[in-house]
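Multiple structures are listed underneath, in structure tokens.
What follows is a pair of complexes built around chain A, which joins chain B in one and chain C in the other.
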Partner chain A sequence: MPSYADVEVGTALPEQSFPVQRLNLVMYCGASGDFNIIHWNERIATAVGLPNVIAHGMFTMAEAGRVVTDWAGDPGAVLEYGVRFSKPVPVPDDDKGAMLTVSGRVEDKLDGNRVVVGLTATIEGGTQVLSGARAVVRLP
Partner chain B sequence: MPLNREFIGREYPVKETFEVGREHIRQFADAIGDRNPIYRDPEAARAAGHPDVIAPPTFLTVLGFRFGMDSPVVDPTLGLNYALVVHGEQRFELHRPVRAGDVLSTVTKVADIRDAGRNELMTMVSEVTAADGERVATTTSTLVSRGTAEPKEA
Partner chain C sequence: MTAVGDVAVDPSVDGAAPLVGEAARLVEEARSFLGRTPGPTRVARDPVNLPMVHHWSQALGDRNPAYLDPDGSSRGHLVAPPGMLQTWIMDAPRDPSAPSPSDEVMRRLDAAGYTSVVAVNYEHEYVRELLHGELVSVRTYAEDLSQEKQTALGPGYFTTTVYEYLVGAEVVGIGRMRILKFKPPVKADVGERVRPAVGRDNAFFWEGVEARQLRIQKCGGCGVLRHPPAPLCARCGSTEQGYVVAVGRGVVYSHVTHHYPPLPGVETPHTALLVELEEGVRIISELAADADPADVRIGLPVELVFQKVPGGQLLPAFRPVA
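Coming up: the complex of A and B.
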């Protein structure tokens, strides 16, 4: 786990890429209880004007959060986490699916050993799918 | 049809409790592909200072679906058409980590309904508490109701 004394404003968190396939969305439906049909049925998703089946926003938020929890080590260090969902993540029914790439950097140091981490999440083509994504983390 | 603004300020306590189980946390961690042992192994969790395995920071999203029937969004007098809804924003303030064995209940308040261009934004704030009354988390969700704002004079 990084220590508060060791990080500076601008410290980068290790970037990670997360493949997103239909199976991941089906598993997330079951685990979260969110069975909205646009997350698993391409026929309906495209009929309501979406480019394809799209990932749950909360799935994308969870994956982006892994960049913070993997960095912190103890996920219990996350005190606050918030995002805006700016663009959907279409997940085609092929062997690749989508690829979500998430980077983070320390934006601020607060009292009480807390730091603010800003996250950037993009899909192929560079589209940002989250905006204002920030976590407050307490470091040792 | 614009949303019924009389809902602003209303509170919706849930009628049941939600017991957080180790296997559900494991299932959620599997679904997001996260192998962190603090979600899976009570020993690893205790070594990190937690009484039992803890849940990922976004786990509380499951409460919204488990308690969907107690939510303002399903009240027909609100006028929300779910086909027009997308999730706009989500925020979790974790006063302490959610952990296996927690018996949670929530009170959800309609904090705001407002226009944003042609859309409406509905913000709900839920206070999540444990069985002994300890505050566990505050979650804030903003739904976007697409195209339902009252048309404005040009």
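Coming up: the complex of A and C.
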């Protein structure tokens, strides 16, 4: 677990890539209680103008947040976490699905051993799916 | 929950005409529910528990030991995943006769025609971690409501709902969800485009279109190129004719974008183009359906594509050179 003294503004968090398949979305529907049809039914999703079934915003947000919780070690150390959903994450019904790649860096050091981590989340093709994604973490 | 899609919108674009009548009244009424007074408290169906955490962890592939293994947690006890904050109250029973202020706002926006919703921003503040066995409750209030905005999805209002998560009387987390409530554009059935009149003089042209070629008539006497096809040459008077196949590049010589009235088989806005081809002749055509009329200007380099128009007719069209 990184300590407050060790990190600097600019310290990079280990980048991670998360495969997202239809199965993950179906499971997340049940796990989160969000059964909105655009997250599992391609017929309806495309009929309302979406490129495909799309991942839940909260799914993408939580998956991206793993870069912070895995780095900090203690998920209870995360004090705040906010995102803007800039683009949807389409999840095609093939063997690959989508690949979410998330990187992070320390953007600021605050009092009380708190640091601000900025996250960048992209899918294949480089499309940024979250913007202004930031977490405040308390380090030892 | 209100989150439906998470689609890109541009909140910076403004400029809607003022609302009139009933919709305006409903939106103003919605504003009367803004403020920090929360609605009724709803209590989770189940306390924070390991089976629900397991399902959530499996869906995300997140096997952080702090969530699943008390011995693997640096705190010596299980920590509920922060991202599950909202999950605990998803099935909290609702009393439809006791709507929250944000429900009241949503109902009025629905009634005013802004029936679709996308989540724009979502923020969580974790006042403290949740422990297994704790029973979470939630109360909400509506924080703000924008003026009507023109967005890529249609006209709509941005509004923020604040979720106060409690254990007993203690606030343990705060969620702030900004959504866009918008009026989805209605795609009207535009009918079928009028079919071309094919005759002896222009059959070669339409056969070319079927073969995805843009054919330009060439005089068999003097060799001049001409479009549209004609039975005889205006320069030498010859009735002999052939054609060349255009390379498919040119520039916009002139253009006009049609908004109204509706025309059969024409989706508006529709941009008609007068394109000067590299071969030197001009042809009236249209802007490709995937191009933006706002990008069109005189002198714009364009390239040939073929597209099906409503009714199924294949037609040449042009789009800006990438």
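By definition in this document, the second predicted complex is superposed on the first by the 140 of 140 C-alpha atoms of A that agree within 3 Å, B and C clash if a C-alpha of one lies under 4 Å from a C-alpha of the other, contacts with A are read in each partner's own complex, and residues count from 1 in each chain.
Please note the rule applied: a residue touches a chain if its C-beta (ideal position, glycine included) is under 8 Å from a C-beta of that chain, and two chains touch if they have at least 3 such contacts.
The structure presented is a predicted model; accordingly, all values stated were derived computationally and were not measured.
Under the clash rule set out above, the superposition-derived model of chain A with chain B and chain C contains a clash between the two partners. After overlaying the two complexes on the shared chain, residue contacts for A:Thr69 are found with chain B and with chain C alike.
Applying the stated contact rule after C-alpha superposition, one finds that A:Gly30 touches each of chain B and chain C. In the superposed model, A:Arg84 lies in contact with both chain B and chain C.
Touched residues of chain A, counted separately for chain B and chain C, are more numerous for C. By the touch criterion stated above, A:Pro14 is placed in contact with neither chain B nor chain C. With the contact threshold set out at the top, residues 18, 24, 27-28, 30-34, 48, 57-59, 61-63, 65-66, 69-70, 73-76, 78-85, 132 of chain A are in contact with chain B in one structure and with chain C in the other.
In the complex of the two chains, the chain A residues touching chain B come out as 18, 24, 27-28, 30-34, 48, 57-59, 61-63, 65-66, 68-70, 73-76, 78-85, 132, 135. Taken together, the chain A residues at the contact with chain C in this complex read 1, 18, 24, 27-28, 30-34, 36, 38, 48-50, 54, 56-63, 65-66, 69-70, 73-76, 78-88, 132. Considering their complex, residues 1, 3-8, 52, 55-56, 58-62, 64, 66-67, 73-75, 79, 81-84, 86-87, 90-91, 118-126, 128-129, 176, 184 of chain C touch chain A.
Against chain A, the residues of chain B that register as touching in their complex are 24, 27-28, 30-34, 36, 38-39, 48-50, 54, 56-58, 61-62, 65-66, 83, 86-94, 96-97, 140.
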